[in-house]
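Letters are used for the chains, namely A, B and C, taken in the order the chains are written, and counting of residues starts over at 1 for each.
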Amino acid sequence: MSTATTTRNADPLTAGQLPGYTTWVALAGSLLVAGMIDASLLGGFDPGTTAFLGAVIFLPVAYLVARVVQGRRAAADRLATNLVTGAFLLALLPLLSLLWETLSQGLPRFDVTLFTWSMRNVIGDGGGAAHALYGTLYVTGIATLISVPIGLMTAIYLVEYGRGALARGITFFVDVMTGIPSIVAGLFAYALMAIVFGPGTINGFAGSLALSVLMIPIVVRATEELLRIVPNELREASYALGVPKWRTITSVVLPTAVSGIVSGVILSIARIIGETAPLMIAAGFTNSINTNPFANPMMTLPVFVYDQYAHPGVDRIFYNERAWAGALTLIVLVMVLNLLGRFIANRFSPKTGR
Amino acid sequence: MATVTQSTQEVTPSPSPERPGGPGRPLRRLGDRVFSGLSTGSGVAILVILAAVAGFLLMQAFPALTTSPEVLQAQGYGPFLSWILPFAWGTVWASFWALLMAVPVSIGIALFISHYAPRRLAAGLGYVIDLLAAVPSVVFGLWGSIVLAPAVQPLYLWLNTYLGWIPFFAGQPSGTGRTLLTAAIVLAVMILPIITSLSREVFLQTPMLHEEAALALGATRWEMITMAVLPFARAGIISAVMLGLGRALGETMAVAMVLSGAAVVHFQILTSQNPNTIAAVIAQNFPEAYGLKTNQLIAGGLVLFVITLLVNAGARLIISRYKEFSGAN
Amino acid sequence: MKISKLGAPVALIAAAALTLSACAANEPADPGTGTSGTAASSTLAGKGASSMSAAQQKWIADYQSAHSGVTINYSPDGSGAGREAFTSGAVQYAGSDRPFQDEEMGAGKFAGCTAESNALDLPVYISPIAVIFNVEGVDELKLDADTVAGIFAGTITKWNDEAIVATNPDAKLPDAAITAVHRSDDSGTTNNFTDYLHQAAPSVWSEEASDTFPAAFGGEAAKGTSAVVDAVSTGTNTIGYADASAAREVSHAQLQVGDEWLQPTAEAAAKVVDASETISGRSEHDLALTLNRKAEGAYPAVLVSYALVCEAYKDSATAELVKSFIGYVASAEGQQAAAEAAGSAPLSADMQAKVAAAVASIK
């Protein structure tokens, strides 16, 4: 072993080992050096530059120290550990920055007015996203009403009935469908409406259609998995009692999996509620509340955020504030749906005896 | 009866895809026929929807593909192929850089969660990364254009000054920071959770015996990963990367809000002139388009649809082959 | 068992959804005034230029407040979309950054107008286009037409170029590259700005005025006014052009006209319109203008937007509503309201009178 070459230590057990605090000492030292270089040579201390420079110094230093004391293989292992940990920390940067910006810029307008006012007759300060919230409620609600039956029944087909080429084909194309770019779904809804109802037909229902294209495969995937988990013993016990297959599915299989299905549906709503591009194309923009999904444009929350950012009036600050507040609302909404879905999945999941 | 007693003795809850209702089922009742008809119909409906997406897009794209180039030129966009080419290039080029950044990082994160982080923390850390997937793309767009672009602009100047001899970093760096590289960074952040969660799953499926055998032979943790985990997960990683690619190709709002796009084809990623992506061009121009321009944008959507379809189908084929392979073991 | 446990949260969500009866604090509860307006006469649809969208919002807000029961929708989808929608009869009026051209005009060409009616081009919105910049340590910038054209054409690439230093001897211009930002989308702002460059600096700016920025000149493209302003204000060493009203927080350059240096002010912009001639060969009340960008004391980069209406509408109730609304828009108070809300330049009293006469002639 390579340790033999470097061993001059009295204790054979810890020979060639670096103490546990080495990493932290090396890290602190690297950051200190980086900070000094940054402040003196690069003109002014900056936390970002220092962190980057510190990492650049730390990685080879840690490697070399380990190389000298522990040998090549252990040094490579240490380098890999540092890199892998670094990758995780690196991914946290955009997340933290994004959450921080959204909170700090969104909170000033995250008030009651945001939820009780629309943008009708509002110029400059004030106004809110009530119209967009209703729109999101309608559009997402209708999309859910379309997607859940189709998705659920397809999952039932795949699990309970499907066999052969058709089932394989459906499984394959459901997977492919999950990859449809959201904007293509929007274009589809627009094209459908243009052909059926004449060009330029833009309304909430078209938005729902676009979202359904995106949502159906997600629902199929989520529910199919859960139906497969339902133990076969339950089905067989039911058949043994002479219950027909469809009654078995509706009164044994589905109730067993219901919590998972509900949570799966909620999670898939969370996936599509933030879609912007398809709604921009299919559901359009408006400043007023529209409660009729079948006529006239309907505003939705993501489109509201984009609209406030991209089409500001004279006092941009108010529009930017509303955009960030809308973004904050959207993130909160998605997180609440995610947590609710996970909560239902955990709290009400069937006890499978494990 | 015999089958029932047998299966009740099987205590292990088998996730086998074996379907109920073996041979010798009783006669099918009306309810059964209706129900199976409904569920089969739903399955077929999905195929119909997918065909409808392609069909309606094709119908609306048709005028743009068949109208004479002179008329299209008068509409301001020009012949379809020469119009779409720079944007197709931009789509591929931005996705390439996004992958280049996202793949190593997300494999690192996946390894960190699956093999480095303390067990108790692992699930929580995974959820933290999933949070990134929960952020809507319009919020990424806001963040990218208002926060990220000005923040990375000095870095671009630095890259250009010291690494300008690399062709990608050459040219006159933009003063706004809204370059292809910024768009690629945002894309990388957005596809990170997908690649991470998929490869994490594959890493966790590595047979424990392989890992323990490697460790028992005196391998370090990193050697164990290169010997046991990564070879096992190779196909899984490739398909995860391709799914991430599919998402990057089709991502719309973030790119539309971050990138200062033009209709150019070149390799530089720091300059003011960046090739736009198909999805972003559609999003930026569709609300104000009319007449043939609408058709032309829809035709662009069709091209994007075909590209992503091919990428996703490829990824799924790899996954299904890989599943068969691992099932045989 | 499980279902009943699960029922509670589900019911809660359903109840929450039901209690959200559709109303907002600032919207009338009467559904007739919503966007799903029932009577055609009480709803007016407009479409067109995004440049005057802030002004339209203000006009609509004021008009709707004064005439409850009327709903006006203006979708800022762009001038081209507006002209097409008006021609096809999809909207009753359009906003456009340029008047109809001669070949687009003609009795009977407009689906919403009577067979013998032509369209009317009425200037209602004047906005100066500011050359905006963000250069560290520079607050004031004076540019002549050749220099502006050179910067946007990509022939002047450094801030310390001799041409810029010549007109700004006191400014601390950095030795840094210029990032010139232009509109990526079709826009009347680009059209008017390139028209100014082509008229004032034809030797540098060889391209004719057009809605799209000429691709040959390079530069950075940004989508929409707000993205241009954003790119310039958050970037470094940047320059761009945008409606002055939308770019208040960014520094504006002064442009040279004759021997004067002019800021993009409302007064200086309105002078362009007063000095311009109407296009000949049109009907008496058509006010389509050929802009004269060289008038003394007039800020040259000016955008004039028109309201496009019918001479005679098929539907008399629509005609009344258009007359009433556009009449308000062109009135002194309407112009003043837009100037406050959108930073536009009010029409001169003379022009207001002409538009008022034209509106009165609508049947």
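To be clear about the criterion, a residue touches a chain if its C-beta (ideal position, glycine included) is under 8 Å from a C-beta of that chain, and two chains touch if they have at least 3 such contacts.
Since the model is a prediction, treat every value here as computed from it, not as a measurement.
For the pairs A-B and A-C, the larger set of C-beta contacts lies at A-B.
In this assembly, the chain whose C-alpha centre lies farthest from subunit B is C. The distance from the centre of subunit B to the centre of subunit C, with each centre set as the mean of the Cα atoms, comes to 39 Å. Per-chain CA centroids place subunit A at a distance of 13 Å from subunit B. Computed centre separation for the pair subunit A/subunit C is 38 angstrom, with centres defined by C-alpha atoms. Of all residues in subunit C, those that touch two or more other chains are 50, 85, 223, 227. Touching two or more other chains at once are residues 284-285, 309-310 of subunit A.
Across the assembly, subunit B contributes 146, 256-257, 287 as residues in contact with two or more other chains. Taken together, the subunit C residues at the contact with subunit A in this complex read 2-3, 5-6, 9-10, 17, 20, 22-27, 31, 34-36, 50, 53-54, 57-58, 60-61, 64-65, 71, 73, 75-76, 85, 90, 223-224, 226-227, 229, 245-246, 248-249, 341-343. Every residue of subunit C that touches subunit B in the complex is listed here, in rising order: 50, 77-78, 80-81, 84-85, 157, 176-181, 184-186, 211-212, 215, 218-223, 227, 230-232, 234-238.
Considering their complex, residues 48, 73-74, 76-77, 79-81, 83-88, 90-92, 94-95, 97-98, 101-102, 149-154, 156-163, 166-167, 169-170, 172-185, 187-188, 190-192, 194-195, 199, 213, 216-217, 220, 228-229, 231-233, 235-237, 239-240, 242, 244-247, 249-250, 270, 273-277, 280-281, 284-285, 302, 305-306, 309-310, 320, 323-324, 327, 330-331, 334-335, 338, 352-354 of subunit A touch subunit B.
On the subunit B side of its complex with subunit C, the touching residues are 76, 145-146, 149-150, 153, 172-178, 256-257, 260-263, 272-273, 276, 284-285, 287-291.
Residues 113, 116-118, 120-124, 127-128, 130-131, 134, 137, 141, 200, 255, 258-259, 262, 284-292, 295-297, 309-316, 340, 344, 348, 350 of subunit A touch subunit C in their complex.
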